[in-house]
């Protein structure tokens, strides 16, 4: 992948945020990485999506140094950086404050898998990530946000492509993917599943998660060696 | 109907899914059948709606063999096939994961007829279809999804044009119609009725279904021999 | 007003229904009347809004005879007719199945005035109209719908411009106005107030209606002899 | 700032109201002030947003006299005037009846800070402003609306840029900002936070506000001397 392609992909995914309905004002950012060169690309901070061009996208290395770009990168850059360093299987990260996923984050409610819509994207319950301590906030807020996310998936023994979403307590969701667009698709799926779960719970407060044989079937027909969804 | 017309109708109905608000990402598909030739048409799997052309539509026969088309048909093809084989009166099938109808499916809540909006499309309570067993999932998931739907409507002695919608437990709705567009209209009506029912129940938890004389009046002024809705 | 102007106004108001978010499929209609000639205009039955032209609009007299137009008028025509005959002060009628107003209708819940948004349009609680009896449904469903609406406002001693909205039990809302567009604006206001009331009640189940001095102030600054809202 | 620039800014912000999703019909207005000249600009009353041009914007001085403009200013003009007189640090005011913020106003429920989306804009709980008395309504409704808002923020010892939003009981929200566009952004943020809070509370009725160390971090990384969000 050329650097030009990477900037275009990351620009496109960021520009898709307002139309996706996930983002108001400037509340969201998408990044993507080229694992061959180890260079990655992220939205500049506080810039309107509609005005964004590939030249505005900021390029960094895996030490966090800006390699190319005149604008200041997203204020969440250190969170993305830590995720790319610790999760070598991911190629994209999306952060939004989408309405229902953020409500789950604020409520400290993990998101159980109530149906196949969820199973198609997330292999089980989407976990809540703990709040940072005052010491972590004071030392390096955005870095420790990444640390807490990685810590939580490892505790649960979940890989970030099996469980490409987390809900940070008092804050909002982060999603991952094979590339920038795929991480954005997981944010779209997460928001939809969160809204569906809230309505499901309103209809039936004693609803139980999907049986494991249906979870497995739906997740594995889209992902893994025997997948048969989509074109070859 | 020519094969070309059928492909155009099925393409149009699939392309209408995102604008209908029923579908995010690639979560939905519409099919239609020409009963004279016994050939039917369905969306290819995992293709974006905006990019879809009539040439992408896959044509199959009632044995499930692909007769025309270069792309792999929808992963839900065997469900549609079984419905066309068992319900000779239907001409179209739509499957979506629309938000509120899917919440009813996930909650295992049947959808009572609370008003005339519902009565205009569905002649009584929209039923829940049971989950598949581990054996059925392992043997042929999509085929047995169709089997369970047919079984449920027969148990209830309902014809698929009187009750052109079902809610599959842990999964999502399927709707039927006289043709592809009509099945899509029933998906739109089902989503609206599900959202209305949730709000109705929030306002009045002891709400009762519509009286039968009003159900009959509204259903029959649109459907059946004495219908007087629309143009002649 | 010329007949041509009336047809244009009624066509415009009907075409505005889908964009208003109040109507899916063909679930809504607007009519308007010229009180000088006693002729009135309504949407034809079951025609798509986007395809509607002024020439499609059906013209009737106050006896209910079609005076002009090749298409069959809305199936709700006799309801509109009765309202124009009994309420000489109204110039337009809108009927929709908008989501939240219909939920109130289905729940049999009248809509109290919880704030100034409501007070600006509706002078107090929006009433529920009773369901029709089996005899009324069998004899002339749409006519008796109008009869029940008129009966309810008279019981409550409310004029249809002070209270330009009703919620018919098991069915949906009807709104009135000075002309076609004004009746549509009242449908938009009613849907918004119904959705707000549902959220208000979720936040505070013991919420009380707006005090009468604020209701009077807001209603009368927009309506009546001392109104000072808008341009002269 | 020239008067022409001020009119353009206020026109743009008002025209952005319908697309923002905050406003139906003509239920909202934005104003902005040039502190050097002491002149301020507001939407004319009851004019459609789409039809608005900079020449329609009404210019007033801080005594409330119309200095330029042929149209009658917004019926809420005296509220805006009082806010500009008493809060010299603000440069813009937005008033809407946005759905969820209005529901909080109607319910008399203050809006706690449940997460960082809220903390980025509002430094703590958004307060409810009391209803006006019958005497205040009779004497000068719109003026006393401003008086009650100022009184409430002073009671709470909050500056209007730290807490650029209030919820008036039985009525709707008002927001402030550095200029017209910034006050509109705060209305967008308020509506989103209100909707999120309602969903958060539905998920977890015993949810607690965000810890103060995270509130401080998020508010201060966007506002104040050490802010590092956005471009320099």
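By letter and in written order, the chains are A, B, C and D; residue numbering begins at 1 in each of them.
The rule is simple: a residue touches a chain if its C-beta (ideal position, glycine included) is under 8 Å from a C-beta of that chain, and two chains touch if they have at least 3 such contacts.
Molecules present, by chain and UniProt name: A, B, C, D = L-ribulose-5-phosphate 4-epimerase.
If you're wondering where the values come from, they're calculated on a predicted model, not measured in any experiment.
*Asks:* Once the contact rule is applied, which chains count as partners of both subunit B and subunit D?
*Replies:* Touches both subunit B and subunit D: A, C.
*Asks:* Computing the C-alpha centre of each chain, which chain sits at the greatest distance from subunit A?
*Replies:* Max centre-to-centre separation from subunit A belongs to C.
*Asks:* In steps of 5 degrees, what rotation angle do you get fitting subunit A onto subunit B on the CA atoms?
*Replies:* Rotation angle, to the nearest 5: 90 degrees.
*Asks:* How big is the gap, in whole Å, between where the Cα atoms of subunit C centre and where those of subunit D centre?
*Replies:* 32
*Asks:* Centre to centre, by mean C-alpha position, how many angstrom separate subunit A and subunit C?
*Replies:* Spacing between the chain centres: roughly 46 Å.
*Asks:* Provide the list of subunit A residues touching at least two other chains, using ranges where the numbers run on.
*Replies:* Residues 202.
*Asks:* So that we know how the chains sit together, what is the shape of their touch graph: line, ring, star, complete or other?
*Replies:* ring
*Asks:* All pairs of touching chains?
*Replies:* So, checking each combination of chains, I get A-B, A-D, B-C, C-D as the touching pairs.
*Asks:* Show me the residue ranges of subunit B that touch subunit A in the complex, using the header's touch definition.
*Replies:* 24-27, 44-47, 71-72, 75, 97, 99-100, 102-109, 131-132, 134, 137-138, 141, 170-172, 198, 201-202
*Asks:* Which residues, counting only subunit A, touch subunit B once they are in their complex?
*Replies:* Listed in rising order, the residues of subunit A that touch subunit B are 114-117, 120, 185, 188-189, 192, 195-197, 199-200, 202-204, 207, 210-211, 213-214, 217, 221, 228-232.
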